[in-house]
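Both complexes shown next keep subunit A, but they swap its partner, so subunit B is in the first and subunit C is in the second.
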Partner chain A sequence: MPVNIIVCIKQIIDPEIPASQFKIDPGTKRQVQGSHSLVISAYDQNAIEVAVQLKEKHGGKVTAVSVGGASAATALKSALSMGADEAILVDDPAIVASDQQGIAHVLATATQKVGVFDLILTGCVSGDWGDRAVPAFMAEELGIGCVGFVSRIEAKDGQVVLRRVVEDGYELIEAKTPVLVSIISDETNTPRYPKLKDIMAAGKKTIPVWKAADLGVDSERIGAAAARALITDVYLPVKESKCEMIEGDTPQEQAVKLAARLRELKLI
Partner chain B sequence: MNPSREIYWNIPGHIFLYILFFPFLVVFLYGMYQQVRRLLMGQSAAVLDHIWDRLKGFAEHAVLQRRIARDTISGLLHLSISWGFVILFIATCLVALQDYFGIPTLYGNFYLYFMSLTVDLFGLAAIVGVGIALVRRYGAKPDRLLKPRLADSYGLLLALFLVILLTGFLIEGLRIAATNDPWGRWSPGGWLSSLPFVGIGRSQLATLHRLLWWFHAIVAFAFIAYLPYSISLHMLAAPANILLRSRERSGVLQPIDLEKAERFGASTIGQYTWKHLLDLEACTECGRCQQVCPAWTTGKPLTPKGVIIDLRDHLQLVAEGGDSRKMVGDVISHDVLWACTTCGACHQECPVFIEPIPKIVEMRRHLVMEEADFPETMQQALRSLEERGHPFRGTSATRTDWAKGLGVKTVASNGRPDVLYWVGCAAAFDERNQKVAGALAKLLQRAGVNFSILGEEERCTGDPARRIGNEYLFQMLAGQNITTLNTYGIKKIVTSCPHCFNTIRNEYPKLGGTYEVVHHTELLADLAQQGRLHPQRPMHGIATFHDPCYLGRHNGVYDSPRRLLGAIPGLQVKEMDRCRERGFCCGAGGGLMWSEEKIGKRVSWERTEEALALQPQVLASACPFCLIMFEDAIKVKGANETTKPLDVAEVIAQSVS
Partner chain C sequence: MEKFHGVDYYEIEELLTEQERLVRDTARTFVDEQVLPIIRAHHRAGTFPTDLISKMGALGFFGANLTGYGCAGVSNVAYGLMMQELERGDSAIRSCASVQGALVMYPIQTFGSEAQGDRWLPALARGEAIGCFGLTEPDHGSDPAGMTTRAIRVRDGFLLNGAKRWITNGTLADIAVIWAKLDGEVQGFLVERGTPGFQATEMEGKFSFRASVTSELTFNDCLIPEANLLDKAHGLKAPLMCLNQARYGIAWGAVGAAMACYDAALRYALSRIQFGKPIASFQLVQDKLVTMLTELTKAQFLCLRLGRLKDAGRLQHTQVSLAKRNNVAIALDIARLARDILGASGIVDDYPVIRHMLNLETVKTYEGTHDIHTLILGRDITGISALE
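For the complex of A and B:
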């Protein structure tokens, strides 16, 4: 039985840049891109991999959707090169500065426009701000089930078996489709390295750009004005390190003093 | 009396020789036809440029056999057998010349000095050569012949040689004895073999002579007929391969026209050029490549000889109707393909100029670009190249952190410099190598060199991508860099990384980027010679220099680093056994910096042990990857207190300041 899947992906500023290079715009409270590259949020890549594997096994169609600026087309191309069949970019200035609920609303309307689906996959946590709320809000919007932090999916006859990672193990959940699943990385879903012919084919595909108006988005619910959560301040943690020399004539004496000092500091 | 002998003495029916030869000739020609048909399974290749240069190489390596002679014993035995037979063959043709054209080749001094003495001496040398060959191959059995398998058809070939040579001398001896030849002693081999026949009746000798003469002819013809069907083919294929050899430096890979290409790399044998297939046929299985291969020497399954003979077997099976095995994966395993450091030792060593590296890279290209099936750690490195333009994932540095406080300017802020310092990703992002970049920058400043760096605009040259097999990514990165360099009008570049050096110098010109490229050891040696740098502070102890493959073997820079080290007062420079052309790889080339070395001993440990045997205070190198390898290996070997791995620039900096 074919499985139709929509994967929502987010393009973010390379999270692996050195901490010294991490800059925040004091006005918008957002990270400044500078000369850093843009990548697909790591768990979203796992989500694409899970989707493509399911398609390869059961047939069906994988559609990648991203909300972002024009640059996010690169992320979608990369999803196409990994095996997604179609990609849609939702790019509208009105959406910028929406909070998680706003983005979830936009994505939900976009998935409805894409049409019939059995599964919606997302990454479990966004690689830039550590957000994990969008999948749940989205499922709420769509009125479908939501299972988070899933490492493996098996599909059979209108339902899916989800392996959900919990502390000290995992649980297996059977869920009726359609369902929204957020994906965590696992040895079975390491994002594939795309083949060159797929990269070239992806390069030739056109990615439709949808505006908020095309989707029937409730304009009251998007943008900075509609945001219910407000970021008031963002700052880089300042790490302080102090060095204290432990004196002593012999190593033994130094060790005793060190132990006493550590206990004093309640570290041991 | 004019010295001579009777032509075709005792062989009245010698004209039947040609009729007898005919079936053997047919068998030979059919074999050659099959060979050519096999080669034509390959793709087209242009090989006939620079004819004069090719002929010179042919004279040096096919005629004089310079590379074969690098191994004294096997060189001498091969020279004596091959030249023995060439001279004997010429002599036989000269006899025919007298018979048909009346040119008196069997008369006078020419008869005595050449046809008798010279020919006999070469024949004797060939016998000695065959004897030594038999002893080596079946007695001494050196590893390089024995492993991974002993070539099967040399035994028959050597036996044929021996029979041809011995019967030849016997025939000559019988004639000398029977005709009581007054010039007999001019043919030392024939004369010696005539001694046992003295006193036997002339008619008995004549009968034996006639029988042996025809037997000798049949064995010689059999050898000719057998030639295309066995390893003897190398007698034709190897000289041809030397003539048609690649004239590129060994470190250069050929670009793919990505716009037009229908496939990327080679997944079937017919996707190689016919010249690559000729390489396979030319292999004599001498195993010299294997003996110097860092992968094989440290217990990996890769042997260049093995790759070549496995591909040849596969080619023959495919030509004969089919081989159910896949070339990539079955015939040549993934472990073999991912063990090659592209160090070029096999290219350097091969007496007949066979090139294993491009064959391996073609298969890697197939795996990477068509199958996306290659080691995870290499995937990570390539992804990082795609996303960040450098392969050092998780680095905490930026491209210019190393230069903080040094007053090094970027081209963007300083305008076009005399020399661009191409820092390379390793020196920018690897903490240990940042110090090398710093030392070099200070030396250049001290010598008053007007240089700048590209800073954030620099990208990886693409070397690891290209050698791992992602030509697409290589061309993308190279394209970006060439655009940057051309936009700034850069003319001269100094690199501290031999891999960057090789790529920009040898591979960028084909993509539109032509610059004067020098390695930092060359520039520093020049500056020292001009008196702009004075290494004067004495250093004590022993230093040894490790030749980076992409500096030495692939680009021929051996002397500059040695001149620099030699200029430091007090420092004693000792060479490792494997140095210069024969330098042994550190294990990190060919993209293997980003692979896990799971099989066998680590290449870097092998090399470090060799260096540590000299008990040096300094293990000098001139490559960031070598340095990373040695830093690690020296700690493992517990020698980090006594031996410091340093870049030559760092050593000079210590002596200059």
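For the complex of A and C:
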């Protein structure tokens, strides 16, 4: 049975830049992009991979949706190159500076406009702010179930079996569709390299740009004014290290003292 | 290993199209994940990582700028960026793709029959077949017109006799594009692996290009069917057209090797502490780093303009000569400066620098030596040939 999937992706500044190049704008309290490249948040790439694999197995359609500026079109082209069928960009200055609930509201209205879907996939954690709340807020808004930290999805008989990673192993959860699932990385969902032919094909596809007004977004719920979470400060942690010499006349005595010190520091 | 973020002092990224960036990113990730973790071992062992061939084929790296027959048809700038990344991994990887696309697929498509294209190009594009290109001979390198490999007409086709040397992919190849004189004119022939009288032997003792297969080919009364003649190729111009395609890729590839060396040197200079501070603090080291970055940036612009001219159909072969000559020379200089900055660490393969430095000696020599390109350019600007 075909599976129609919407994948929500976020474009972020490459989180793997050297720490020495990480800069924060004190005014906006956001990271300065500078000349750093923009990438799709890592777990969102896993989510695209899961969606494309499901489509390849069962048929259906994969639609990638992103909220962001014009540059996010590149992230969507990348998703198309990986195998998504369609892509939609939600770009509106009114959305900028929305908090997680505001973004979830925008994404929820966007997915409703996309049409009928069986699954909404997102990454489990955003690669910039470490956010993990948007999927749950979205599901709440859409009135559908939400399962987080899923590594694998099997579709059968109108429902899905979700392999959810927990501390000491995994759980298998059967869920009725439609359902929203946040994806964690796994050996089975390593993002594929876009093939050159697929990049060329993606280049020919048009990405519609939707505004907040196109979606029926409640303007009271988006933007900085509506944000319930206020970021008061952002700073780079300062790493400090110091060296402590363990004295002792014999190696045995030094070892005993070392073990005692490590225990005192709650390191062992 | 820390991820490579590119070298882009002049925000050249902004001048690339979305597709060009995505192609570059695919090649960059491929190199980071598939090439760099294994290349040192292959360089040490003197072996080519053959399992990368099908992976590169699946991604569309072979003949990527050609159209039809399953090729991706990317822009020449995108193709160049791909070559840049492949050579950032190792010259051997870029050379494999260069030979396959520019020296085997290009002549089959340009000079071959439809039947030859149908038979070979899809398989070559997928990496299911490997090709090599035989022009250089033991006694004829810079002077290919003097080649002694001969074909004569016989009842069932052509009888080929002679030898080719310094042939990349020779022992791996399923199909060899061989240039030989037929009735005094240079012509191209497709010689299939296993043809009686055709032998490929791997050359040993290389201190450069160790992860590449370099071979000697011999043809001893080798019967080539009529159907294997590239019948639209007449004269030396045909193989030189192929070399022009390959040299274009080399100009970009050299930038990749230079990037790898600059990146390694910069990281090393920032982390290596001497006299109580990073060696990057010292003026002499900063001078070297700035020289490297300056030359690298100039080479990047040369490539980008070269690619745009190629895409516009206005590229002159002399412009390719200038870029190949310059970019390989500066890449070698950058590699040597990087090796210097790395001190003793510069001579061990814990870092990529010495491997690139050694490879670039080959790149400087093949596909037209530095000096031959000087004379090609000298002839172009003065109208006087120093070669005659």
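What we mean here is this: the second predicted complex is superposed on the first by the 242 of 268 C-alpha atoms of A that agree within 3 Å, B and C clash if a C-alpha of one lies under 4 Å from a C-alpha of the other, contacts with A are read in each partner's own complex, and residues count from 1 in each chain.
Just so we're on the same page, a residue touches a chain if its C-beta (ideal position, glycine included) is under 8 Å from a C-beta of that chain, and two chains touch if they have at least 3 such contacts.
Keep in mind it's a predicted model, so treat the numbers as computed, not measured.
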Contacts of A:Tyr193 with subunit B and subunit C, given as first, second, both or neither: both
Contacts of A:Thr74 with subunit B and subunit C, given as first, second, both or neither: second
Touching partner for A:Ile183 - first (subunit B), second (subunit C), both, neither: neither
Partner chain in contact with A:Val62 - subunit B first, subunit C second, else both or neither: neither
Touched partner set for A:Gly203, first subunit B, second subunit C, both or neither: second
Which superposed partner A:Ile48 touches (first subunit B, second subunit C, both, neither): neither
First, second, both or neither for A:Asp14, with subunit B first and subunit C second: both
Contact residues of subunit A, present in both the subunit B and the subunit C interface: 14, 16, 18, 35, 37, 193-197, 199
Interfacial residue positions of subunit A with respect to subunit B in the complex: 14, 16, 18-21, 35, 37, 39, 190, 192-197, 199
Of subunit C, residues touching subunit A in the complex: 2-3, 5-6, 8, 11, 13, 18-19, 21-23, 25-26, 29-30, 58-61, 64, 70, 72-74, 78, 82
Sites on subunit A touched by subunit C in the complex: 14, 16-18, 35-37, 73-74, 77-78, 81, 193-197, 199-200, 202-203
Residue ranges of subunit B touching subunit A (in the complex, touch as defined): 264, 368-372, 374, 376, 379, 382-383, 387-389, 393-398, 401, 456, 472
